[in-house]
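Structures given as structure tokens follow.
Same chain, two partners: subunit A is paired with subunit B first, then with subunit C.
For the complex of A and B:
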């Protein structure tokens, strides 16, 4: 039993904690990627993993304040980003170049984030055990 | 001709290609992720302003609102609702979707 647990990387009394990064590169609503990504983030957080989220390219649009989806009759999932803190998902990295290209300021974002350069984002990616892109 | 674009200008070249082909007398309607192209202070604004000199540009209001972009629309871009979308299609002899 012990050997089997070792083989799959589990220690007695708890699972392995890996560094997971979810890379968000799509705008919300136009495709299902942003919503699906958010669902997977919540699932992985429930498994007590070291989760961080990266927002680059059109992914930065996911975090823009003031989303009102009544007219489209779809679920407004933007409040969920505010709830991530409650799941101990507190590492949100947003790429500066992506914000600037789109004319988005940091104060327009829904949640506190760490704004990083593309270079720094690349370095953060290198530090991960698992990277999942949406 | 009504040109309808629904893709983000940062992810696809649909908007750029559309603007490169649209003729005077036509109109451009931005929907879904293309509404980001109707906003100020970014890499695409110049292309939309140039297009506005030649033809009307519309953006779908519910798509702007869903994305939190309703307060950031370029002056001169006209915001329409779903009824306005239907009117635009009816007013033009042909429509073309730049998917």
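For the complex of A and C:
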């Protein structure tokens, strides 16, 4: 860390811009984590923070094209990932190992992403101020 | 140091709420500040005053209320997550308040560390 939080001079809503990373590790359906996690992402964007998203483990399924949820009787919220760009949330990192282990190709994802190795993902995490995992 | 806490799991069902509570107590005992505890996902159930565990068990909800009373820790329940689960103002235990997700993001901005307790 190059600077302490004191040097940043934090004040409530005082124009402080931190690096927030939201780490998505769970499948989109079956539990509510992905959906409620996405709600936090949208709010954080409204706070003008430097927001990025990471997708690991089963979290990579959140970005797969062609989700059909009718039979589950739950809302297909995957179009929201397409809307993130409009919130200036454009840094989406997907772990290569997680894709490969599940036989998912990058062209099967519904938004442009940066595919990174687990090691690179670790380095990205190291650069963050706040990491929230769901 | 100034800590913000996020709790994403319900009481009794998961260790997260217990660990978060122990963390808050330990941090305060060491002279740190706990700026806010934010309850999200099933974590909102930590705030239900209807909770009645067996007498020989810890009372997770009352424990939070006591912490707020003694140390002035700000206990915030997410309004949207609460509504989904039937947790509203009427069944809120003492020391908790209901507010929006902005309070969580603000905690991330203001605290030196935001510590997440979840699955």
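The working rule: the second predicted complex is superposed on the first by the 120 of 134 C-alpha atoms of A that agree within 3 Å, B and C clash if a C-alpha of one lies under 4 Å from a C-alpha of the other, contacts with A are read in each partner's own complex, and residues count from 1 in each chain.
Heads up, the rule we're going with is that a contact is a pair of C-beta atoms (placed from the backbone, for glycine too) under 8 Å apart; a residue touches a chain by one contact, two chains touch by 3 or more.
Model, not experiment: these values are computed from the prediction.
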item	value
Clash or fit, subunit B versus subunit C on superposed subunit A	fit
Subunit B versus subunit C as contact partner of A:125, first or second or both or neither	neither
Touched partner set for A:111, first subunit B, second subunit C, both or neither	neither
Which of subunit B and subunit C A:69 touches, first, second, both or neither	first
Which superposed partner A:18 touches (first subunit B, second subunit C, both, neither)	second
Where subunit B and subunit C come nearest after superposition, their Cα distance in Å	11
Overlapping contact positions on subunit A, where the subunit C interface meets the subunit B interface	none
Contact set on subunit C toward subunit A in their complex	2, 6, 8, 40-41, 80-81, 100-102, 104-106, 108-110, 112, 114, 116, 118-119
Subunit C contact footprint on subunit A (complex, rising order)	5, 10, 12-13, 16, 18, 20, 32-33, 36, 39-40, 43-44, 46-47, 49, 129-134
Complex contact set, residues of subunit B against subunit A	6-8, 10-11, 32-33, 36, 39-43, 45, 61-63, 65-72, 81
Subunit A to subunit B touching residues, read off their complex	26-31, 57-58, 61, 64-72, 74, 76, 78, 101-103, 108
